[in-house]
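The block underneath contains the structure these notes are about, expressed in C-alpha cells.
Think of it as A, B, C and D in the order they're written, each chain with its own count starting at 1.
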Amino acid sequence: MSDGSDSFAQIALSLASIAGEFHLHGWLMGTSGNLSAVVNRDPLHLAMSPSGVDKGELSHAQILMIDEHAQIIVIDEQGPAVSDQPAKPSDESPLHVRIAKERGAGAVLHTHSIWNTILSDLYAADGGVAIEGYEMLKGLQGVSTHLHREWLPIIENSQDMSTLANSISEVLKQHEHAHGFLLRRHGLYSWGKDLAQAKRHVEILEFLLEALGRTLMISRQTARRVDDGFGHNHR
Amino acid sequence: MSDGSDSFAQIALSLASIAGEFHLHGWLMGTSGNLSAVVNRDPLHLAMSPSGVDKGELSHAQILMIDEHAQIIVIDEQGPAVSDQPAKPSDESPLHVRIAKERGAGAVLHTHSIWNTILSDLYAADGGVAIEGYEMLKGLQGVSTHLHREWLPIIENSQDMSTLANSISEVLKQHEHAHGFLLRRHGLYSWGKDLAQAKRHVEILEFLLEALGRTLMISRQTARRVDDGFGHNHR
Amino acid sequence: MSDGSDSFAQIALSLASIAGEFHLHGWLMGTSGNLSAVVNRDPLHLAMSPSGVDKGELSHAQILMIDEHAQIIVIDEQGPAVSDQPAKPSDESPLHVRIAKERGAGAVLHTHSIWNTILSDLYAADGGVAIEGYEMLKGLQGVSTHLHREWLPIIENSQDMSTLANSISEVLKQHEHAHGFLLRRHGLYSWGKDLAQAKRHVEILEFLLEALGRTLMISRQTARRVDDGFGHNHR
Amino acid sequence: MSDGSDSFAQIALSLASIAGEFHLHGWLMGTSGNLSAVVNRDPLHLAMSPSGVDKGELSHAQILMIDEHAQIIVIDEQGPAVSDQPAKPSDESPLHVRIAKERGAGAVLHTHSIWNTILSDLYAADGGVAIEGYEMLKGLQGVSTHLHREWLPIIENSQDMSTLANSISEVLKQHEHAHGFLLRRHGLYSWGKDLAQAKRHVEILEFLLEALGRTLMISRQTARRVDDGFGHNHR
C-alpha cells in the first residue's frame, strides 16, 4: 500500500498554484470556492483545500489530506492516521468525495464567479443551461465538434451536505456526459481525470457562461436599432 | 499601558498590502478610498491611510496613527504624542473612528468601485439594497445560510463629516446586523473584528453588488427573446 | 539555404511571451487559440504553438517548427528533418499555412475572446462586421484615417480543416484589404508582416470588437431615458 | 539656462511607468495613446512618448524630448540641439504642446479606453458629457464637493493636427474649468500641474466614464422589472 505522500506534496503545490490563478480571475473571492485532487484511489484519499482561507494567499502547506468520510489524514513517518490538528477541510468536502467516486475524477474544482452565479439563477427553472455551437466546447474531454450540446444541470442550493450530495449523485447519473454542474446562486463544480484537465474544464465552462451571459445583454432587436443609430452593417 | 507600536508596524504592512490588492481590483482609483485598523482600544488608536495618496503606491511608512479625534499620534521612544508632521490622515477618519467605536470593529475598509457607485444611486430611494439567496453571503461573519437577507443601508452623501458621522451612527443602530453600508454615489464601508475579516467582507459585498448589478442588465424577458434567436434552452 | 534555426529560437521566445500576455487578457483560455510565425519563406517553415497546451504556461521549448503540410520539422545539427516526436502542432496549422502563403504574412495569431465569440455570431447572417469611424483603426497597417471602414468577414465554423482552409482562401481573395476575419462562434484570426504587427492588429481588432459589443448594450433610446432618471445632459 | 537633462531622466522613468500601468488597464492597446510632461517651461521642452510603440513595453530610453514645434531636441554634453535620430514623436505632439501652453499643464496624458471611446460617440451630438454628484469628482484639482458638475467637452475627430489643435484651443477657452476633453470615437485627454496629478485625473475620469456607461445599461424600468422576478427590494 502506498501512502501517497510523495504525490501529495506535488498535488498540494499544484492546488495552491491553481487557487492563486483562479483568485486573480475573481472566481474565489472572500474565501469562497474549494479545490481537491485524488492522492490515492483505494482507499480514497483526497488533497483538499481548508475551510475559511483567503485563496489568494493559499499555501501548499495548508492543503489537507482527507479520507472518503472527509476526515483529516495525518501524514507522518508511520503513514496516514486520523488527525487532531485544528485546521478544518472545506465544508463541501463530501461533495468532492462524491464526485471523485461517481465520476472516477482525479480532481474536482469549485468556483464562485459572477457569471456562474447569475446564470445558475436565471436558468434555475429550466433545470440547467444548454451550451452548444461553440468551438470552445472542443476543449471538454471527449468532445470533438463545436456542434456538441453541453447540458450543465442546475441543482437547488442547500446547507445540508448529505441532501446536496444525494442531489448531485442523482444528477450525475441522469446526465452521464456532463462535464460540470451549477449549484443555484452558489457556483460551478467541474472535474477531470487530473488537475490539468479539471482546470481546463473550469476555464472553458467559465468562458462559455460569460459569453452566454453577455449575449443575453444584447437582443437582436437592440442590435438592429443601434445599427441604425451608429451606422449600417452592410457590405 | 501599551503604546501599540509593535503591532502598529505589522498593521501598517497589512494595510499597505490590502491597499495594493484593492487598487489592482480598481476599487481605489485616483487616490480614492481609505483603510484603518485598531492599534489600541482604550484609548482608541487607529492606524490610518493618509489623505491624497495613490493607493497603488501606498507604503507602510505612510500609514499614520490617529486618536479618536482623528489627531495624528507620533510614535517615538517616549511613547505616543500629538504630531507636527505635514502628512494628513484621510478626511473620512472620523467615520472610521465612529465605526470602530460603535461596532467594536478592529478594522474598517472603504472602497470606491464601479458597482458600489452605481447601486448606491440606483437604490437610493429605497434606502438600501437587499441581497439574499446567495451562497457567498455565508462568508459574512455570523451568517450560516444562503437564505440570509443582508440589508445594505444607503446614506445620502455629504461633505460635512460630523453630519455624515451622525447619519452613520443612526443607521448602525437601526441596522444592528448590517456588515456594511453605502454612501450614495460615493462608496462602500465595511468592517470586521480584524483586517482579514474586514477584507473578506469587502470582497464578498463587492462580489454580490457586481452580481446584482449585472443581473439587472438581463431581464427575464430579454433572456427568453434571445433564447429564441440563438437556440432553445430545453433538455 | 538557411535552416532558420537561429531566428527560430528568437521567434519561439516571442511566441511564448505573446501567448502569456494574451492569456492574461483572457483570449486563450482552456488551451484555446494558436500562434505562428514564419521562420523561412521558401520552403515555408513556421514556428507553431503545439496542440492542447495551457497558453498561460507555454514555454518557448514547446514551440514546434512545421512545413507547409503542417508536418513537424526537427532542427538538429544536420538541418531540418521530419520529426517523430510525440508533440503535435495545432489542428489549425493548415489555416496558418494558408494565411502565411496567401497574405505573405510573417505571423498569424488566433484568439478566442468573449467579444469576438459574441460578435462572430451576432453578425453571422450579414457575413461580416463593419468597423468604421474609430481612431484606433489607424493602428492597422496601411490605414491613415479614422474614416477607414474595416470589413471583418465572418466564416461559418467547420471541423473539416480543408473545407475551412478553402473558405478562408476565398474570403481572403474577396476582401483583399481585410486585416483579419472571424470564424463563427469560434474566434479571430489576424496577421502581420511580423509578430509585432500581428500582435498590434489583434489588440486593435479585439479592442474595437469590445467597443462595438458594449455599444450594442446601450441603445440611444435607453440613454435618453436614463438621462431623464439620473440627471440631464445639457450644458 | 537649464537644459533640463536631469529632470528629463526622472520624468522619462515616470512616463514609462505610467504607460505600463495604463496599458495593463487596457487604455493604451495596439500602440494607441501618448504621454508627455514638461521638462522646461521657457523655452518649452516636453518629454514625449514616441510614435508607434507598444506601450506595454515602453522603456524610459525611448522617451524623446521635443520643443514647441514638436521637433526632437537631442540631449548631449553641449546641451539640447535639433535631432537627426530616426525615432519620431507621437503625431499628436502638437496637441500636447497646445495643452501645456494654454493650461500651463506640467503633464498631459491621452488614453484610448473602451468607455471613453463609447461615451465620446454617444454624447457627441450634445457636445460633451456632464458628470455630477459623484464623490470621486473631489479628486479633480480644485473640486471640493461631490455636487460639482464636470462638463467634459467632446471635439469632432480629425486627421489634420492643426485643425484639431485649433478646435482644442477654442474648447479650452470656452470651458476654462474643464479637467479634460474627449475626441470623438478617439479618446480622452487630461492633464495636471505634474505627472502625479495628471495620472490622478485620468484615473478619475476613466472611472466616472465607466460608471456612467454601465449605468446607461440599466434603466430604472428594467431594475424594477427584474426586482419583481428575482425578489423584492423592500425593508
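Everything that follows uses one rule, which is that a contact is a pair of C-beta atoms (placed from the backbone, for glycine too) under 8 Å apart; a residue touches a chain by one contact, two chains touch by 3 or more.
What you are looking at is a predicted structure, and each value in this text was computed from that prediction instead of being measured.
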Size of the rotation, in steps of 5 degrees, that lays the CA trace of subunit A over subunit D: 180
Label of the chain whose CA centroid is most distant from the centroid of subunit C: B
Interface composition of copies subunit B and subunit D: same or different, split at half: different
Distance between chain centroids, defined by C-alpha means - subunit B, subunit C (Å): 42
Whole-Å gap separating subunit C and subunit D, where each centre is the average of the chain's CA atoms: 30
Two or more partner chains touched - positions in subunit A: 121, 133, 215, 217-218, 220, 230
Complex contacts: residues of subunit B adjacent to subunit D: 26, 29-32, 54, 56, 112, 114-115, 117-118, 121-123, 126-130, 132-133, 151, 157, 159, 183, 185-187, 213, 215-221
Contact footprint of subunit D on subunit C as seen in their complex: 21, 133-136, 139, 144-146, 196, 199-201, 203-204, 206-207, 210-211, 214-215, 217-218, 220, 222-223, 225-226, 229-235
